[in-house]
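In what follows, structures are represented as structure tokens.
The two complexes that follow have subunit A in common; it is paired with subunit B in the first and with subunit C in the second.
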Partner chain A sequence: MNFSFDVIWHNLPYLLAAARWTLLISVAGMAISIVWGVFLCAARISKNRLLANVAALYISFFRGVPLLVQLLMAYYMLPYVGLDLPAIAAAILAVGLCSAAYTAEILRGALQAIPAGQTEAAHALGIPGFSLWKRILVPQAIRIGLPSLVNELILLVKVSSLASVVGIGELTRISQNITGQTYRPLEIYIAAAAIYFLINLVISGLGRLAEKRLQAG
Partner chain B sequence: MADTTPKSNGAGEPIITVRNMGKSFDDFVALRDVTLDVNRSEVLCLIGPSGSGKSTLLRCLNFLEAYDAGEVRLDGELIGWQEGVSPRKARSSGTLRKQRQHIGMVFQQFNLWPHMTALENVAEALIQVKGMGKAAACEKAQAALAKVHLSDKAQSYPANLSGGQQQRVAIARAIAMEPRVMLFDEPTSALDPELVGEVLAVMKEMAAEGMTMVVVTHEMGFAAHVADRVAFLDAGRLVTCAPPADIFAREPDDARVRSFLQTYRERNVV
Partner chain C sequence: MELDLFVRYGPALIRGFGVTILCWAAGSLGGLVLGFVIACLYRWSIAPVRWVIYAYVEVIRGTPFMIQLFILYYGGPYVGLVLSPVQAGILSFIVYGSPYFSEIFRSGFNAVPKGQVEAARCVGMAEATILRRIVLPQMLVPITPPLTNFFIILTKETAILSVVTVPELLYETQTMAAETFTYVEPFLVLSLFYWLMVIGTNWLGGRVEARVTRHLKRA
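For the complex of A and B:
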């Protein structure tokens, strides 16, 4: 059996349609990851012991349980507590909530990397807390954490393939289906790999651009 | 600087009064029963062995450390704690910020913000604290940088400046706020020896212009030649506070001062 570009060409529309689900899970997951991650990080470093402990527990749970298991839990368990979510929502939620735990830890690490003296200097000048965070801590934390954050987002695109287990027709699932019909796994998986790779190429490119811009100012 | 009282006017009266001030960290008593005046336009140097509490004393003056006994007043106003409230209750963060605006501070490690240029470092508090417009703040920041002889480094980032230059930017950042007092916490201790001179020179110029300065230092030459008075601390107590001539020139009365200065004498520093 020779390698056939025709197989890829014929099935490309289906693969690209499936990639839209991959993108949806990834982008929505990223949004949850970053927004929720910021809150988690704030809770984790808060002086309120209870809040900090709850956040720490959350983080260790979502980091300690395989995402595949979390996904299946979200899909099968949430209906029991009255949350009957469509599969796509369960997948987005699982991916986003898990990734948020990592994002929170990346941000916390980045904040800790900023010498305490910088905060002290701001206090000595009478700079208010909000300005301290907005102008001094967060810009530096983003700069310090950016490479790890980009890493995390790329990871998120890749783990979106796990959503195939709850029946979502994203890229990996559709590739499997097409392979089942055409018996051309080599072509189909190469095409799927290329699509994943391109998506992540764009993300890492955007990350590099952001790093450059942050460095400049 | 505009609202700095010149040496001829009001000099000699106390601007900071410290009364029976104490500070403990858990079981460790860092300061006990410190009573001290800082007079307007005076340069007061705090010296003493490491761990004697001189940095803690300095940090209590702007409430970066909350003293737990006695009081610290700036122009009569109690710093950090609410007036006449017992048990002690810290002032609101807004009031604390207002009080700190009048007290400039320079740190051993400079503590510049590395993602901002020298100019932005100096202008930041003018914008965020004094509410100045960006253009006015930059103009004022530029003038402060000129005072520390760094006009040409306004657009440089801290990473591209030498330690001495960074510390001078930090001084500019503090004086741009037109504080009534300046606190220096070992401002030259983190510097290479050849860079110490440029920072001390700027500090001398500030002293000559009548800035009230409290300086924790190991630079005995600076203390001997620039200070109006030198306070010696040991084990959290203020041992003596006297003109430098009394402390350095003849054999000091106190044995602890004598043995402390002996190590410097052996190295021909004083």
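For the complex of A and C:
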């Protein structure tokens, strides 16, 4: 067969438009993941045994079940318990809740790298717990965990392809649709792969830049 | 809860679980071997080969597994590669896993002090013997946890194979859900299956870890 660049060229606008949904899912998912991940991490290392165990169970479950299954659960199961979300919200929620489990563990690892003396000093100065987290622990933990967090964001970009299964018109879904019309799976899927690859290259580049910035500051 | 559903669909689910295990085992072991070969090639070959390997690793790691699966399964026939869903699933698993495994092996190679390899060469050991006797036993210590971790990740990636109609666990569960209009029970049971698989793999990894670190504990 002959590889036809025309097919790619003609459909490129549609693929790029769909890539915006891919970005939306991964960036919104990451936002949920970081906010929820901080709370999970705080719960996981708290002295309250019940809270710590619940957080550990949450992390074990969300890391132990395939995201595709979680997505299908959010999409098909939630309506049965009275929570009817639009497909895109279900996808973002599933991606964010799952990724939060990983983020919590990344942050937990990063927190261990912060000298315990800082926490003790803050306690000695009478800084309340919330400020301690907000101003001292979380900013440093994010800086230390940044390489892993960028890694997680790259994973989320790739994982957003799973949202095609619940009918969201992101890059993979649109590629499937175009393939259905043109019967050119090889060209279209390779083009989609290239777009994913470029997005990830940009993200890892930005991540390296941010790392340098944070280390300088 | 309608538990009699599971009696009716039990055999299909167990068959699906078998296919999941088959794809996971064949795919991840194949990926492990290919990854080791790639890491060795990277270590002992000339610069152009290294560039090719580097590009391969970056491209496979930078694109979603689902897209790779589609290229292989739907695009394959256009270049004369016609595969059954299970074959496509296993092959794409091998391809997808190999760069991650090769990176883990590469970090393992780097973890063994250079001086030991040089010393082994000086006393006239063959390259293969150095690898088997000096490098491998030592590098297995730091790389066993990440290897276990990646095996666990792969158990969960098997769910994606359902998209190209590989009759694995998720596929059978979806069939069951669609035929009976029940979603809560099948998915809860399904997630339990995967969770158990992950816990089992984790336990196995712990055993392997105990085995490869045995020489460290004797002292």
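In this section, the second predicted complex is superposed on the first by the 192 of 217 C-alpha atoms of A that agree within 3 Å, B and C clash if a C-alpha of one lies under 4 Å from a C-alpha of the other, contacts with A are read in each partner's own complex, and residues count from 1 in each chain.
Keep in mind that, in the parts below, contacts are C-beta pairs under 8 Å (C-beta built on N, C-alpha and C of every residue); 3 or more make two chains touch, one makes a residue touch a chain.
Just so we're clear, the structure is a prediction, and the values are computed from it rather than from any experiment.
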Which superposed partner A:Gly180 touches (first subunit B, second subunit C, both, neither): neither
Comparison of subunit B and subunit C by subunit A residues contacted: C
Contacts of A:Gly205 with subunit B and subunit C, given as first, second, both or neither: neither
First, second, both or neither for A:Val69, with subunit B first and subunit C second: second
Touched partner set for A:Tyr80, first subunit B, second subunit C, both or neither: second
First (subunit B), second (subunit C), both or neither touched by A:Arg135: first
Partner chain(s) touched by A:Gly167 [first = subunit B, second = subunit C, both, neither]: neither
Partner chain in contact with A:Tyr196 - subunit B first, subunit C second, else both or neither: second
Complex contact set, residues of subunit C against subunit A: 58-59, 62-68, 70-71, 74-75, 78-79, 156-160, 162-163, 170, 174, 177, 183-184, 187, 190-191, 194-195, 198-199
Complex contact set, residues of subunit B against subunit A: 62, 64, 93-94, 96-101, 103-105, 107, 109-115, 124-125, 128-129, 170, 173-174, 177
Residues of subunit A touching subunit C in the complex: 1, 60-61, 63-70, 72-73, 76-77, 80-81, 154, 157-162, 164-165, 172, 175-176, 179, 185-186, 189-190, 192-193, 196-197, 200-201
Subunit B-touching residues of subunit A, taken from the complex the two chains share: 115, 117-118, 120-129, 131, 135-136, 139-140, 143, 214
